[in-house]
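Both complexes shown next keep subunit A, but they swap its partner, so subunit B is in the first and subunit C is in the second.
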Partner chain A sequence: MIVQTALLIGMVLFSVLAIFLKDLIRAAISLAVASLLLGIIFFRMGASYAGVFEISVVAGLITVLFILTIALTNTGEEVRESRLANVVFPLFFAVFVVIDALVMKGLLQKIPALPSGPETGTFGEVLWKGRTLDLVGQIAVILAGVFSVLALFRKRDKHD
Partner chain B sequence: MTNTWYLYLFFSAGLVFAGLYALLSKRNLIRLFIAIEVISKGVSLLLLATGFAKGNVLVAQALVVTFIVVEVSLVATALAIIINIYRHTKSLDVRKLARLKG
Partner chain C sequence: MIILFVALPLIVAGVLPLIGKVSRRVVPDLLANAVLLFLLVYAVAVGRPLIGNGPALQKLTWLGETVNLRLALDGFSLLMLLAISLVGLCVTLFSIDYMEHYGAKANYYALLLIMIAGMNGLVLATDLFNLYIFLEVAAVASYSLVAFGLGQDELEAAFKYLLLSVVASAFILVSIAVIFGMTGSLSLPAVARALQDLKAGPVVGICAALFIMGFGLKAALVPFHAWLPDAHPSAPAPISAVLSGLLIKVSGVYALTRVFLNVFGLTPALSNVLMSLGTVSLVVAAFLALGQKDIKRMLAYSSISQVGYIVLGIGLGTPLGIAGGLFHLFNHALAKGLLFLTSGSIQQATGTRNLDEMGGLAKRMPFTAATNLIGSLSIAGVPPLNGFWSKLLIIMALIQAGHPVFALIAVLASVLTLWYYLLIQRKAFFGKLNERWAAVKEAPFWMTASTVLLASLCVGVGLFFSVTIKSWIQPAAGVLAEGVQAVIRSWGL
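Our next item is the complex of A and B:
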């Protein structure tokens, strides 16, 4: 429980760093570290497949995509951010944490839980037999992503 | 089990709050997208934690895997759009997108 709490605190810390660090490359790397910690949390919950996906895809692939985009759009001109937002954030966050701590427990007791029996089988069986339609949807989403990237980066015609 | 569930949901709400705050206050397009990533981390933690607390880890895991695939597709498309916006406006400032003149 203590390790888990430390991991969760580390994850929130790195996520906040990713949002507020000035250097974008450092922000992307903090986001990757946060994903890594989330992957470890998934492993500790017994969800090894989700952990593997989180670490390899989110911490690996998405970070590479972010760094690539930062490198392609880096020509010196900085976007001016408002300083007030950075200064006020700890205050807002502290207020939110207090409200969260007070309200969340009451909310959890109000959520009705659907009755469900204990799970049997392996992850593969649940994924292939129980959620087959999800897999078809995933294939459609990946194809949609590929075609949209192709459409966005197509070469311009001479007439344009 | 409720205590563990409470702990996870407490932190995932914190992540979602931090992401929403950044979405409202930041102006750099890439930073806005990092904020969306932070929110999605909170949501995937919430999904798996609820499955863990209710004894349905396998279904929750299947949902999280689906969510991650959708997220990657979203990131690829959105970053491509950001690069195209940068080529047009030579800036990553979200306020410059408000100009309608092309």
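Our next item is the complex of A and C:
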């Protein structure tokens, strides 16, 4: 319980750091640490596949892409932001924590225990047989991403 | 083969950029139009007979193994598919000439077809997570289509749209996760059945609130509308037509309606919330539209206002209200698609979207002026055009259900709508021709053809409204009026 709480607090802290740090590289690394901690929480809760994806894709691959992009585009200037965010965000965060502490425990007790539905099975069965339409959707999202990059980073040719 | 509605645009989108390397314009133009024409014919010729005896369900086998590719087509989904393919076809026709100067036409069509596949997948989904995934498919494609012009405005609008849309997706996803936690299932009939038996009122209430915020953001209902007046005008005109005519309705109104009427069940409290949100949207956005100088921005605010009418009608929950709301959804898709396309013709001819700089364009662009007038009068609710009948149905339903105040507000907002559409007519098309536009010519053939097609549909649906209502709107309204039983009983997958 203590380890779990420490992991959760760590995850929230690093997520907040990712928003507050002005240095983009540090922010990206904080986000990676937050997602690494989330991956560990997934492992500890028995969702090992979710943990593997969280750590390899979100903490690993996406951080590499972030850092690569920042390194390729960074001009060395600090990001200028509105000061309002420094006041508004902590305020929202504090309100959220208070509401969370007051409401969430009572609310969670009202959610009935998870019944074992028909959509269970091994990971492979669920992914390939149970959630096939999601895979079609995933292919569409990836295609949309690839074509977006092609379209938005296009060079205008002489005909255009 | 209901899956064709998703698979065909997706497969063609996958090969289009490769074909674009060989043929930059002609083949992509042909392919994109052929796909939409096929889907339209398929929806009309095959879709309607398919749902003759209740919803058509599809389970597919893949290499001999049964896979969970489950789709359901009922009256409500078919109406949406018809609207998507009809407006989609007019948009691809318009794009033949309009997108010439943007370049990368094959990529443009690929993204447009992915967006169409996403919307089709969403309306055929039988499961909450499928619904979410296809919502994202359409959204991801739409972000880059808004930014397609690559100007600073476009990029900024697309970024703002992306951020707010991601917030909406997060709300929707959290709600889906909680529902999965409660019911142990994601399939719509199973969730609907489980929610009937559960005694978890407060948690269901929170899920409903999250869905209202999420789908409300997608549908751009006031007060979740901040992104739309930036995103819709900045996109290329055909994309504005798809976004305002279809996307906000599919990923906002359709999803909201399907979840609340067919899965949660419409309670009086929920009905009041939806009607209040609808009324606030239709009034606030109508006033905001009045103050706009940018023609596309005015149309964007008008979309928020008209979505308000749709949600007001459907939120009322009576069979007549639902039919009115759905009819207005269909009519608004046609008319707003038409208006955004004509605004694209004006922008291409004059280079401006500022109404104050226009004037007398009817003399130079008679077809554009006439079709724009038809679209404007249709949305404003002038008889005998299609928009009149749908607004009339909504107002009659409100009076019948004992809500005269809501009915009065709807009538007054309709007058406001007519006012700002007449402003567009007066400033852009009538009056003295501005000297700057002396050399302006009518829009090219395909652009004019697509607007004339949409305008004819507005007139045709208005004149033959009873046929349209009987064959397309009633089956859709029937599904929604039946409530959760429509899904539990007929979708027993």
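One rule holds for everything that comes next: the second predicted complex is superposed on the first by the 126 of 160 C-alpha atoms of A that agree within 3 Å, B and C clash if a C-alpha of one lies under 4 Å from a C-alpha of the other, contacts with A are read in each partner's own complex, and residues count from 1 in each chain.
Please note the rule applied: a residue touches a chain if its C-beta (ideal position, glycine included) is under 8 Å from a C-beta of that chain, and two chains touch if they have at least 3 such contacts.
It should be emphasised that the depicted structure is a prediction, and the values quoted were computed from it without experimental measurement.
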So, A:A101: does it touch subunit B (first), subunit C (second), both, or neither?
-> first
Counting only touches as set out at the top, which of subunit B and subunit C does A:L127 meet: first, second, both, neither?
-> first
Comparing the two partners subunit B and subunit C, which touches a greater set of residues in subunit A | B
Check the residue A:G145 against both partner chains and state whether it touches subunit B (first), subunit C (second), both, or neither.
-> both
Touched partner set for A:G137, first subunit B, second subunit C, both or neither = both
Based on the superposed arrangement, let me know which partner A:R154 touches: subunit B (first), subunit C (second), both, or neither?
-> second
After superposition on the shared chain, which partner residues are touched by A:V3: those of subunit B (first), subunit C (second), both, or neither?
-> neither
Residue overlap on subunit A between the subunit B contact set and the subunit C contact set?
-> 116, 118-119, 130-131, 134, 137-138, 141, 144-145, 148, 152
In their complex, what parts of subunit C are in touch with subunit A?
-> 6-7, 10, 13-14, 17, 24, 60, 62, 65-71, 101-104, 107-108, 110-111, 114-115, 117-118, 121, 125, 127, 129-130, 133-134, 136-137, 140-141, 143-144, 147-148, 150, 178, 181-187, 190, 198, 200, 202-203, 206
Subunit A residues touching subunit B in their complex are 1, 4-5, 8-9, 11-12, 15-16, 18-20, 24, 27-28, 31, 34-35, 38, 41-42, 45-47, 49-50, 53-54, 57-58, 61-62, 65-66, 68-70, 72-73, 75, 77, 79-82, 85, 89, 92-93, 96-97, 100-101, 104-105, 108, 113, 116, 118-119, 121-123, 126-127, 130-131, 134, 137-138, 141-142, 144-145, 148-149, 152-153
Subunit B to subunit A touching residues, read off their complex | 2, 4-11, 13-15, 17-19, 21-22, 25-28, 30-31, 33-35, 37-38, 41, 44-45, 48-49, 51-52, 54-66, 68-77, 79-84, 86, 90-93
Within their complex, state which residues of subunit A touch subunit C.
-> 107, 110-112, 114-119, 128-134, 136-141, 143-145, 147-148, 150-152, 154, 156-157, 159-160
